[in-house]
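You will see two complexes here that share chain A, one where it goes with chain B and one where it goes with chain C.
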Partner chain A sequence: MTDELLAIEGLGVDLPSGGWLPSRGRPAINILSGVTLDLKRGETLGLVGESGSGKTTLARAVLGLQPISAGTLRFDGAPLESGSDFRAIRRRTALMFQDAAASLSPRMSVGEAVVEPFVIHRAPAGDRRAKALDLLAEVGLPPEMAARYPHELSGGQARRVGVARALALKPALVIADEPTAGLDVSVQAEILNLMADLKDRHGLSYLIITHNLALIRHVADRIAVLYLGRLVETGPTAEIFARPRHPYTQSLIAAEPRPDPRLRRADLAIRGEVPGILRRPTGCEFHTRCPIARDICRSTAPALHTIGTGHFARCHFPETTKKGG
Partner chain B sequence: MPSAGRKTVLRALLRDPMAALGLGLVTLFVAMALFAPWIAPADPIRLNVVEKFQPPSLAHLAGTDQLGRDLLSRIIYGARTALSIAITAVGLAGLAGLVLGMIAGFGPRWLDGLLVLLFDSLSSLPMIMFALAVITVMGPGTGTLILVVVLVSIPAYARLIRAQTLALAGADFIVAERAMGASGARILLRHMLPNVVGPLVILLSMDIPVVIMLEAGLSYLNLGVRPPTPSWGNILYDGYTSLRAAPYMVMIAGLPLVLSTLGFTFLGEGLRDALDPRLQGRGAR
Partner chain C sequence: MTEAILSVENLSLRYRVPGGAVHVLRDVRLAIRPGEVLGIAGESGCGKSTLAAAMIDLTGANAERTSGAIRLRGEDILHLSADDRRRLRGAEVAMVFQDPMTAFSPVLTIGAQLVDFQFNRTGASRRDKWQAACGMLARVGISDPDHAMRRFPHEFSGGMRQRAAIAAALLMRPAVLIADEPTTALDVTMEAQIIHLLRELQADYGCAIVIVTHHLGVIAELCDRVAVMYAGQVVEEAPVDDLYHDPRHPYTQALLACDPARIEERSGRLPAIGGRLPDLRTPPPGCAFAPRCSKATARCLTDAPPRVVLGPDRSALCHEVAP
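This part shows the complex of A and B:
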């Protein structure tokens, strides 16, 4: 498979719950388990889930910022195992943060920040100052921005600087964590259009992490839904929105506000709170909130069922839940 | 750091009358120390027994001591002694605290545990007892004095830096650097360092008077700077022994101690006030 860029297989991440001294009887906290996901070259994959579902942890694990406890990672055909593998992927991948302003070093000017990747990887950049201005121009920022400091930037400007820095080394993959968080709607649209333009121009692949369904519907080719660190449904965007099969996905889509007062909200709205990750429910993780849960859901974890081409759902009754959409 | 930031700090200092007074006093003492040979009216160690115990007059503005040495000159040269010891000791301790604190905060956990244990052991020693013990082993003198101050001050500085480093380690911009593949050394030097030194500078400036007092105290006990080198502490001691013959000596020797302590303290507090709102503003972003 040559068009596969990133392959995640059976990924598990555990967080040790104790300190640095050996301890007994305190099990590790299971953040992610059994996540299998792949990303093709030139594709935009949307990773959707509530806060605490493990979206950001997944991104960090891919870059080796978070030690993994199970599974394998493969980037561009090569396995990611040792420190040098991760150094290589960090060079070819860029991470965009939810809080763009906080992801910029506070005492480094914008001009220095965007060429930081060149300095880190000792990559030839020619004239660094010219390179910085090129990058700023590419994300639509005027040259005088180069002398500004992060606290002098607006939310949209900080976001553009984040994009410029991400582009610096012409990465193969850009991981964007909530790329529109904290921006007003017009600026959100600008950033998304900019990201789409850059994707076409540089042949980028995106892994976009968000809880914003409207955003993901607009930009993603494929969607993966996470619930409590487990992948519950994955499939092509149009298919997921038209025929969601996992009750969690259905509830998410039903809960999305619609700008039409005559439409009543679907009755499949989600109930209750996310159970704490420390007390992961037995059987199917979602049974505590699921409208169609039966006995088997409380005892046995469901497997991923194939629904259609590239469409999978982790539910015992994927055929009986045809509502929503 | 943008130069605009420095200008606002200076302006904030001058707007606060206490801080401005502190800055003025510190500038005065630094000038005294730097230009002592040009300012001092006489040689501070030249004896002139004929003119001993002269009260302040036009010839000797601050009078003379029991050996006829010009007191004003001795005070001015004493500033040199006090400041050079205080700045060297606090500077070395600050540097060591900075390095050890950053290593503890950023390094592996076992190393952090070990260093914290070391800081705790060092700071559990009572300062005066420790100073006397070191002086007993190494003999009194400037070098011993500096060593004592450095060893006693390191834990406080290192703890401050360690806490700052730990707080920063999880910050988004540090994670961003790691995600870009930056080395540990680059993250520490280029990104951590500029963001942790601010509070340390404030603490150091407030500790300088403590060291000046310690030097004076030990010199008073004849355990610090050796005579005839002028030190505010041994001038004070000379004044104390000649209290009946020349009561003005004690007051004249005490004045620079009081003024320099107040000056550095006001300046340190002013610096803290001038820098803190900016730090909080940055942290909240």
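This part shows the complex of A and C:
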């Protein structure tokens, strides 16, 4: 048994462009390309990037919810190719959705919702009611919550129900899409601490998708940064924050407003917007916004350079570290 | 001390709900001086958005003022006629909302709407208004404003829409700009750019800005003074540096302590406040934060806390804070 749980190699996802008519002859839009990433047992990997960078598409592809056009996926040593492969891993993977309240059926009580995974996967649950109460206790919700309906829950409680559902089938991997989006800071910490406790207790691995850098710095062991569907930098969290090598990672970290008026920025860390996916820039995708772009960046796509152990950056000039400021 | 341009005086407001009322604002006092940037911070349900809406008299039909006043240059805007209030909005006090998608009508071009927003400018021709709108779009950083004027809102990205919404708000050169979570729907790189833009515009036009947000980073980047709200009350008011470096109210302290961006050491576990907001259908007699407060004593649960003045522009609503 290796310690690798999930391996993504050269993953590419294309979508047919525009319209609902059959897409024959129309060029495909490239959403993800050449994404190579692995997740070890017991590890927390943070996937960061702006809207439209392909974070959620990557998660969907891993779960087989999105057909892939290139690359291979391996879960626990077994390749994921056919629909039945994915069905098999879906019992061992769980997804926590971004909008926890909306991901719950309004017509199902909390107690029913947390044991629904057993019904979906036709898994033996024993006494469903007892199982539901166990799961609720595990995520710190009192038993009387079982009778409540989603509209009666606070944001934090809805998240906890989402966590309970994710845990129901004792998964090996939990993919959490913006697990604390829309929560207040005081509640956000409770959910993250709960996730950390459960990870320790059950040996879970997490793939956390977020654009919240302040948060991911505290929870992830490693970070992968996506820009326009390309992996631009991956490495150990502490190293990435201390010495980001890709100019995009540097800009992202520098752009985060810091809660200290004495650290106000006078200049702008990054200008412009992510280019539309239909007008993907030539060469390095980031060159249109990059402070250190040169001619080669406009013409040639950079390769992934090895910076250190497990630290890679897709940049022609990864040594040109501009101080993050 | 300069005279306030907009002041909220002992405002209490409740929303009628089935079976009672929710007391969302309780005796709120706040003054906005010309040209300053005031931040209103707080978590969901603290009343910050209601306060922002009240400042421009846009609270819902089920809102009911039980006491207090909102004065613009000394005049209570809630006592004005509907026509006068309408004239005031946009021209004197303008607002930027969280969701830039809903700020514009989807069926008219951005240009047509920016021209319409200048309906108060009776002397100006349509051509003048078009040009003013175009110039304002350029000012907020939209490249090729002539082209942008002919586009529909859905053709804009989120960041462009928020820029356009800011342009719309500033068109009539208001004395006060109220921005309710102006960067919450945006990515961090766009958030930084909008913050930068607001700062530049404030310097150019000198309007007072009120920023309502839960994001302590945004307030630190942008504001001169901060009011922290909890359960419908302003619990602490302070100049921005004091608030972040010497917070006095236990809630402010707790809020700052659990912001992951302020915790230098990487840790697997983060501090949380614990407990829940009080039910504002029946506000507690004592301090609303007392059940969650580590410093609370018996009187905190029973007696309403006093507003303790801590210095110029500084106060805290707390029994335990020393003046």
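As a working rule, the second predicted complex is superposed on the first by the 310 of 325 C-alpha atoms of A that agree within 3 Å, B and C clash if a C-alpha of one lies under 4 Å from a C-alpha of the other, contacts with A are read in each partner's own complex, and residues count from 1 in each chain.
Just so it is clear, contacts are C-beta pairs under 8 Å (C-beta built on N, C-alpha and C of every residue); 3 or more make two chains touch, one makes a residue touch a chain.
The model shown is predicted, which means the values in this text are computed figures rather than measured ones.
Once the complexes are laid over each other on chain A, chain B and chain C both fit without any clash. Looking at the shared chain after the overlay, A:Ala196 reaches chain C, while chain B stays out of its contact range. Of the two partner chains placed by superposition, only chain C is touched by A:Val185; chain B is not. Seen from the CA centre of chain A, the centres of chain B and chain C span an angle of about 80°, rounded to a multiple of 10. Residue contacts after overlaying the shared chain place A:Arg258 against chain C, while chain B stays out of touching range.
Of the two partner chains placed by superposition, only chain C is touched by A:Leu213; chain B is not.
In the overlay built on the shared chain, the residue A:Asp99 is in contact with chain B alone; chain C does not reach it.
By the touch criterion defined above, A:Pro117 reaches chain B but does not reach chain C. Look at A:Thr237: by the touch rule set out above, it reaches chain C but stays clear of chain B. Of the two partner chains placed around the shared chain by superposition, chain B is the only one that A:Arg107 touches, whereas chain C remains out of contact.
Counted by residues of chain A touched, the larger count belongs to C, out of chain B and chain C. Shared-chain residue A:Ser51: touches chain C; no touch with chain B. The superposed three-chain arrangement places the nearest Cα atoms of chain B and chain C 13 Å from each other. The intersection of chain A residues touching chain B with those touching chain C, taken from the two complexes, is empty. The residues of chain A lying in touch with chain C in their complex are 50-51, 154-155, 184-190, 192-193, 196, 211, 213-215, 217-219, 237-238, 251-252, 255-265, 268-271, 273-274.
Those residues of chain B lying in contact with chain A across their complex are 1-2, 109-110, 113, 171-173, 175-183, 186, 190-191, 194-195, 281-282, 285. Chain contact summary for the complex, chain C toward chain A: residues 43-44, 157-160, 187-193, 195-196, 214-221, 223, 240-241, 244-245, 254-256, 258-263, 266-274, 276. Within the complex, the chain A residues that touch chain B are 20, 60, 63, 65, 87, 90-91, 93-95, 97, 99, 101-108, 116-117, 120-121, 149-151, 165.
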